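First, the structure itself, so that you have it in front of you.
Order of writing sets the chain letters: A, B, C and D. Residues in each chain are counted from 1.
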């Protein structure tokens, strides 16, 4: 269990490190109902371990604070009452110092539990739960960055989260098309490592022949779409996307703005920056991604096409050379932007949720959401894999989401 | 073209027959933004022929009334401006008499066009458009019944659309499970007959082995779900469905109500009726259908499972005996209720929308909607087929929608 | 009681005459929650007589239809349940023919009651109630015109309510200021004639010296305000008015629009007309009236100033020569537009509402509404008087409301 | 100017003292759009001095921070752009430490200005502006307490603002009625001291004879109203109040709640407390106050009745013995709860707002708000006077507002 304790400690430490550049005041605010305060992330991830591990396995369990069971429950009806999601920014109490104490207390108790005498069954159970809890916390690590970016963007002062400068992107290679044969394929998690329940069971899907773009769409390409009037051409948009865009009078991605001279800028975690035309376009909703693809004479891939292509390939730093593909290989599959697919988030054939409250982790969200594949610059190291299914509603813009094109 | 003219005349006549039991006042009102006034249906279906046939093919075309181009455009951005959907009930002008005159005028001009000298290309084009227009009008025939039912249900007087009594349903056979082998199957429209673009192209889908219920869920079975507290058990519901049900404080299907003694009644096109426990439950949202299936230890079928099962079977009046299935056969596949599937409405691989405004017919709605298969008691004769894809958002309750269960 | 019967019959007949130019379809629609369908007005005014007279005084009373008690109750909680206000346009049943039959039936029964043997107390009571009911019906006669105008304005066809042409207004005299001494004055209804409870009791108010404009503000003058940027100058507006105008992006009165060449037109009961610069501006909210007054270096009068000025004057057709005033006299006090005052609608000192449901007639609305004085072109003959208090919320635009300026 | 500097310093110091019991996290949150974060109050009151004094009178004026001009502008359109009101809780930057530095900087510059050589005109101007600014800050001192109370009430932890216990109220004397003759009275600010522009000009009002309750309505008396079903009896309520109460399903004042045993508790600045039946009921909307008065067979006073009664009286600690009144005298006129009047907030005859942005202080809010008189337990010492006009919309519940009854 030492390895498990090491993993646990490393993940927990990284979460605190992400909060390091922020003041206590920064950590309390909630910029919209979809986002959460940093303090809430710090507490909720701790609540997860307390509720699903300590409460089940600790002798003489007593909660750190009885009210925290309600305050830091995100959406588990099986656990009971919840503090209203849209009012997480009003929790000035408990203070950050109390939340840090809560983290330290749970960490110590988890360490004691891991070091204690356990039966084989307990050991297996604990391993599974620690893996789930740390993967869960890694998901929140990404959300902390997306949520704090959204918060800082609300301020006229446009403060930077990181003081270090954003390096310029390298010149971008031309987009090429990689052909895949498809056929009757196996989809879903495969190996011995961890996966979420929504990646299972591994099952067959028939995939028709298709081509995938060698890299993500860039800011420069997306700017061409804007300059061609893309946001104002109904023929390019899904009906719901058109209403969505026009009601909000959208003209560009969420963090883009024009300075006094009309030059495009982008708000980033490093503060406002001149728009880098070589960088992959990000913070794109599915509506925008689909309209762009339509304009470019292409389409979005299905999640099965994406996984099939990724699984064929060897994993190298940010570069995949797919076995059966002609050309240069797939670039930017991981570590840049989550990639929208045209696949609705649905259970795999034979999917079964866990018993009890943990069964609420994924299954109950399988409606009116769309699958994203890959990973982003905000995804923690080691958290990505070919079978990973991220998901958001079609209008979500505050995540690090981009566009990879596909075609027949 | 005589056969075409006969089909055209028959469909058009049937539409007027559906409006027969209604007063001009009934025909003007709109009970909610999702529904339309009967008068609007009468005019819009006519507008469809005028815009997509006469305007393209009639020599010296002049519109019946220039404003009708805007007033009776439903959602075709390619045609131009539209009257706001939620305000269709405010169109007291044109009067019903004018709309009837509009219908007669367009009918006469279509008849002249069909009887005129046409090139082979024109003949083919016209045939396609008349087929599309009449199928379109048949879709609106069903909507006229669902919309007028919703309207009449708003009145304290609870008036009947039809004065004839509703016959009692026969005693219902026990629900049995029919096993299907699945495999790599062909999905999509197949024969020479008409289909919509969303049924094409025919393509391969892998379907894992599954079982389908022999008949639809009955009112009696759904009442058991209600009495078991199904509407108040979060564990049974999708997250979005739970919010949807609790926000509206739902307790039963939309047209069910309890009389002073607590006995369940159902509002029907024949007026209020005691709840018939043998009849298939209808006017069910996907949220309710999914919660029921969960409670019953089953699930909803995918649209591919449904089509595969239906396509194997011979079509007899309300009864299908699937070739590879054990047991009694599939009942109530058509003519009772549309059957929710768990499949998000999405383009088939290789789907291509038509050029121009007609391309808006289906494609732009392929997001956040779910597919229904089969047909209902309100579907016009001859309008159903195994590859037909109906679709509505998960919360739609005013359509004739029911539940067929599936399981592994 | 013959005179009373004659008044009753005349008022009832006039209501039907107002519905004469309309189709049954026109009579059913409701263009917004604040307005009601003509059919509803016809039925509700009848309900008023049935509920407050026949139900109390008729031997062996039986309702014309039991559901009408609920369907045509406007806001009387003391009577019981009500049909939801925003859904009056969904009452396609009862049909217009039934509502006409309802009117005829109640008229016949009222006539029988008036011709029957009555005690003196009954006679007094009946006289009071017939007066109240006919005055009530006259209020609805004005609302029928404002509501049908709003409905017809929603249609692209812009149909006219009246086919006769709208005569041009005479050239307008220059606006002059009439000075009033004020002092300790008596306010409230004074003579033997009918009044509503909100005009009572007559009581003392101190009025400081003031001046009143000799006539109403014209369309031409209001156009100057528009052209001077009045709708976009925050300094002129009340805080709530500014939010109201900017949220709706208002630029002109509700029925004004510009034709293709930019010329101002106004939608009227006679259909669209070129804007007549000499006519008093109408369909003005209090927000707009107040901003205009501010821009013109003046203010709106209080209701006490208005009544004091009007009461001093002799009544001649559209022209009042106030006794103590210098200059030409007050024009357009009645019969053109209701005139906004700066007075919040509040009970007079000693105000007491009637017992029972009739006490809901006025008192419960005395909050967040503002008083209008005078009468409009839509007010029935004989319905105006100096002490009359009309009232609407500050944002109401669909009434025939205009501007008379005041200053110190 | 030394006295002025002393006043300035004392008021500024008291503001900081009010924030003393709070953490930086507490100071950043905004519990609803009507309330503001404590940090925002600290900055806005400073902005007021910087904008209206330093910017006008300081040589070589440079703003402390250019963005603060926008961030901390409340509603002055004359000053320019404003940060959106509902998003004040998202201003995690500037930090509390920066806001404290801002306060110190402006304080030092104001002190320098007061100590500098000034002309008589400058001295007069500065005196007026310092008085206005400190009175303005005192208004915000009260808002800080109402806003922080509302914020702390949102937390399940129900933290106390003050750790000291809330003393029990003394037994309450029976309510008696004090008669006033009324007549032609003078209303408005009278003496040499400071007043806001809305208290001017002093002018005549006729007040009919009336009686005023000797003390405020208590929690015990209000509980009787609740127990008598007052919240569910439409006949007691204004129409708008009834909709307001039923839509929110209200049953009691905002901070009242029942513990597990059904005993009434009240959330206070000292944390939750058993309901003290002797204490004046507070946090009452005008809707509730009016319904209570109706139930009690009384009414609310007009603001003129209140001021006339108060002005006749000598001021002693919390007790006024009105000269012309019989009985014991008026108690609790000041220092307990603001007292709703039935008077709409309107300009006094001859009211003229100041030139420029300062003219927005009061005048533009004179619509759909109602006047409160007296002062509350949260009002700073020395801030109350007989002519003071506080005002809020009828539905406001989070202020320290109570009920004094009047009758004929």
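Basically, contacts are C-beta pairs under 8 Å (C-beta built on N, C-alpha and C of every residue); 3 or more make two chains touch, one makes a residue touch a chain.
Just so it is clear, the model here is predicted, and its values are computed rather than measured.
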Equivalent of A-B within the choices C-D, A-D or B-C, defined by over half of its residue contact pairs recurring: C-D
Between subunit D and subunit A, distance of the C-alpha-averaged centres to the nearest whole Å: 47
Between subunit C and subunit A, distance of the C-alpha-averaged centres to the nearest whole Å: 59
Between subunit C and subunit D, centroid-to-centroid distance (C-alpha), Å: 37
Residues of subunit B touching at least two other chains: none
Graph class of chain-chain contacts, one of line, ring, star, complete, other: ring
Subunit B to subunit C touching residues, read off their complex: 23-29, 31, 39, 67, 70-71, 83, 87, 89-96, 151-152, 154-157, 159
Subunit C contact footprint on subunit D (complex, rising order): 75, 77-78, 184, 203-206, 208, 234-235, 237-242, 286, 342-344, 346-347, 349-350, 360, 364-368, 394, 408
